[in-house]
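What follows is subunit A paired twice: with subunit B in the first complex and subunit C in the second.
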Partner chain A sequence: MAMAIIFKTVNYTYQPDTPFEQQALDNISVEIPTGSYTALIGHTGSGKSTFLQHLNGLLRPTSGEILIGEQIITTETKNKELGELRKHVGIVFQFPEAQLFEETVIKDIAFAPKNFGKTEAEAEIIARKMARQVGLGEELLTKSPFELSGGQMRRVAIAGILAMEPEVLVLDEPTAGLDPKGRLEMMRMFKRLKEEQNLTVVLVTHQMDDVANYADNVIVLEEGKLIANGTPSEIFSQPDWLVEHHLALPKAGEFALAFEKKTGYKFSTLPLTEVSLARQIASLLHEGGGDVHHG
Partner chain B sequence: MDMIEVKNLIFKYPQQEVYNFNNFNLKVKKGEWLAIIGHNGSGKSTLVRLIDGLLAPESGEITVSGIKLTPETVWDVRSKIGMVFQNPDNQFVGANVEDDVAFGLENAAIPREEMLIRVKQALERVGMWKFADHEPVRLSGGQKQRVALAGVIALKPEIVILDEATSMLDPEGRLAVLEIIHELNRVEHLTVISITHDIDEASKAQRVVVLDDGKVVQDDIPAEIFSHRAGLIKIGLEPPFSEKLKEELIKQGIKVPDEYLTKEGMVDWLWQLFSKQ
Partner chain C sequence: MGKVLLGRYVPGDSIVHQMDPRAKLILSFFFIIIIFLANNWQSYVLLLTLTIGSIMAAKVNFAFFIKGVRPLIWLILFTVLLQIFFSSGGTIFWRWGPFNLSYFGLINGAYVFCRFVLIIFMSTLLTLTTAPLEIADALEKLMMPLKKIKVPVYEISLMLSIALRFVPTLMDETAKIMNAQRSRGVNFGEGNIMQQIKSVVPLLVPLFVSSFNRAEDLATAMEARGYRGGEGRTKYRVHYWHTSDTTGCAVFVIVMLILLFVRHW
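Then we have the complex of A and B:
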């Protein structure tokens, strides 16, 4: 089943017709293509969390509609019509380890599939498979999730979402609070899962380096409005625009700009990762500035 | 003068067999900004919880601002220390920003008149006075951490401990919080301990201690720590950007200097390299 997600003129208002009325999503039309790795960026208050909660019907638009696979969600859609959808779109919220509750790791991971109608035995088979997928060793499965380290607990929570066998995996700052090694391992794991299971991934992040390294599609929100949508190189191609909207470049991009300013050399395209920055510097050196502008 | 002295500290959590600290020693000078880095589980947060008396050691001695930490002195010690934690959402108690900052002062039985002045000063200090009547939930992460910091400043501590306080903030929010810390440290001479994974944050400190399994494995100025690329990776930390770039340049067959270079230093070095052509 193709699971493209399409927002059509979606509006969402919190506490409408009260003094606290607040429009959190403002006329959003955008598509998250099937199989894409889409990064959702913007400040706190930009509407990211509200947007996220529309992806599996936790919130329904005040007006407009959302197409997810074959389902249309409007303000009229009833909760009971959304059960099927929630199997297809798994959301990993911030600090998901806070939601663990079962006696053992394996029971926690098996909870969702059991809840969605699998037998105990089927659920356990799925849970074992997902535990392997997220890199949890066999010896941990019978432990209490609360005996594990923070990074391991987070893996348990993520395995629990994967056990629903979703087609779309939504990740809300999944590496917050992890150390750099844990962060890198986790980001590589998502990349691998995406490829192996053909997932569509939606990543909410403040880390522009992750956007540059992993995403192929970027959605930028500001005060509830869609202000840009494109590939990372399109989004990061205009440094002035980024500054204007309080967004940062990936570190390699920032370095490249400082380098250009100091040396007068110009990169043909702004490098966004260390690898491409080093390659471009090397080729500039070898060419002795050959086909590039030197001012 | 030492603001904090930890001597022969021995600690493990109840029901665990492995000791988190086994004869651990550390001194922090008055007015110093010390960054403590180390991977998850290296003992960073446990250490500051011991210093603040939130955890009790099996044996050993902790002295804060000349006061030896004991069950009797724990509140005196805590009055010297302000802590800001990682998740801004877990630190709010007040219905609005002003009440929230006032909460700690009420607990400390500060007279109302002085309380009002201190709350205003603290919120002005972090640039949040204009949000005094806002609900904390409506603030951005960076704003929330600035309010949490105001709550700490209002109590006039001698030491501020940041436990990954900037790790959940966007780049702008992180910068704003770090600038305030910088001023508190350089202008008002507060002693700062920041626990962090963020190399940029650590590089602002005067001294960096690297913890691994409850041991100090390195204790030096930031430049010295950051030049050991392989060492950082080995203990689960990310080298600074300039060091990662060096690694990639080496792969491209470019010879790079051994010493640690900041971003600016790295640009300058490249500029010279290009000029020599």
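Then we have the complex of A and C:
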């Protein structure tokens, strides 16, 4: 089932008509194509979390409409109509280990599929499969989730969302608070899952390296407004614009800029990932690095 | 739901806002005591005047006070009905088994209603004009004499301050976990009673776990910054007793004296 997500002039206001009124989304029109790996970036308070909560109907737009697959969400959409949508859009919230509550790991992972109508036995089969997918050993499954380490708890929580077998997987800073190794493993895992299960992935992140390495579509929010939408190479092509909006380049890009400044060499396209940076420098050296001025 | 408990403090700079929280706390209790002295309509008019006067001095929108009564209206009506149907005396209009509708019953019902509303108005005035932490401070100061009989005053007031401080945090946490569990297919507030009770478990367990974790973190953070109990600690907010506080107390005492006189009209 195609699950393109289309926002049409969506506004969202918190506590309207009170002194605490606050517009969190301001006239947002954007499309998240099916099968894309979309990165959502922006500062704290830019409306990312509000945006996310619209993706499975936790919030409904104050005005405008959202198309997710067949479902249209407007301000009048009833809660009851959203159950079906929540099955298809899995959201991994920030620090998702806070949502664990069951007695055993396996029960916690099987919680969502059971809620969405799977039988006990079916849910357990899915839960075992997903536990394997996220790299949780068999011996952990009968333990209490509260006995596990932070990284393991995170994996349990993520497996709990994957067990819904969603078509759209939304990840809100899934690697926050993990060590570098855990971070890399987790990002690779999402990439593999996306490819194997043909997911649409929406990733909220502050790590520009992750944007450059994994995403093929970038949405930039600032104070509730959409200020840019394009591929990572489009978004990162104007360093001045990035500075103006307090965004950073991926590390490889920063290195490349410093390299250009120091050597006077101009890259044909600014490398954004370590791999492409290494390739470009390698081919440069190969062609005759003698042209590079060592200054 | 974020606005039930704490959104009630409305900042301002009226005389009532600037009063010492201790004075406000004492006067609120004092008012609740003297209201039981009232026994005829004249005395209720007197207390109503005092309440309205205090509210006007605080310059707070009257709508807040009506909102304060609303959640308790069923309790009030229940009590009033008990008074009306179970007290006897005076002309009896109607009788059925143990119930009777009498003149005294009606009068008593009206008095009980006034009493409730006035007490709610006055305590709403206290919470509207005094920040929660100020109330905690005032309680600590007022309980100081109890230290002599080994009441752990500092600890009680610390517990109170921490509890107040973490109400908004807990609310945020609740909203977050509700969102997460909703995304996993929990429908809060839907279905029959058994389903509703069951849906609370995935909310309460994570809340307890995170509260315990937070308590430990907080204790560590406090000890790391040298907290060694309240003995000898100075206060960030220092309260001074102003003439306006004395005047306020004087007004209430005068009202009480008039009340004692009006009682035997």
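Here is the rule we go by: the second predicted complex is superposed on the first by the 288 of 295 C-alpha atoms of A that agree within 3 Å, B and C clash if a C-alpha of one lies under 4 Å from a C-alpha of the other, contacts with A are read in each partner's own complex, and residues count from 1 in each chain.
The working rule: a residue touches a chain if its C-beta (ideal position, glycine included) is under 8 Å from a C-beta of that chain, and two chains touch if they have at least 3 such contacts.
Quick caveat: nothing in here was measured; it's all calculated off a predicted structure.
With both structures placed on the common chain, the touch criterion links A:265 to subunit B but leaves subunit C unconnected. Of the two partners subunit B and subunit C, more subunit A residues are in touch with B.
Of the two partner chains placed around the shared chain by superposition, subunit C is the only one that A:99 touches, whereas subunit B remains out of contact.
By the touch criterion defined above, A:164 reaches subunit C but does not reach subunit B. Looking at the shared chain after the overlay, A:179 reaches subunit B, while subunit C stays out of its contact range. After overlaying the two complexes on the shared chain, residue contacts for A:115 are found with subunit C alone; subunit B is out of touch.
When the two complexes are overlaid on their common chain A, residue A:86 makes contact with subunit C while staying clear of subunit B. Applying the stated touch rule to the two superposed structures, the subunit B and subunit C interfaces on subunit A have no residue in common. Residues 38-41, 86-87, 138-142, 164, 167-173, 197, 236-238, 241-242, 244-245, 247-249, 251-254, 263-264, 266-268, 270-271, 273-274, 277 of subunit B are the ones that touch subunit A when the two sit in their complex.
Interface of subunit C with subunit A (complex): residues 173, 176-177, 179-187, 190, 201-202, 205-206, 209-210.
Residues of subunit A that touch subunit C in their complex: 53, 56, 58, 79, 83, 86-87, 89-91, 93, 96, 98-101, 111-112, 115-116, 146, 160-161, 164.
Residues of subunit A that touch subunit B in their complex: 43-45, 95, 149-151, 173, 176-182, 184, 206, 208, 246, 248, 251-252, 254-255, 258-259, 262-263, 265, 274-275, 277-279, 281-282, 284-285, 288-289.
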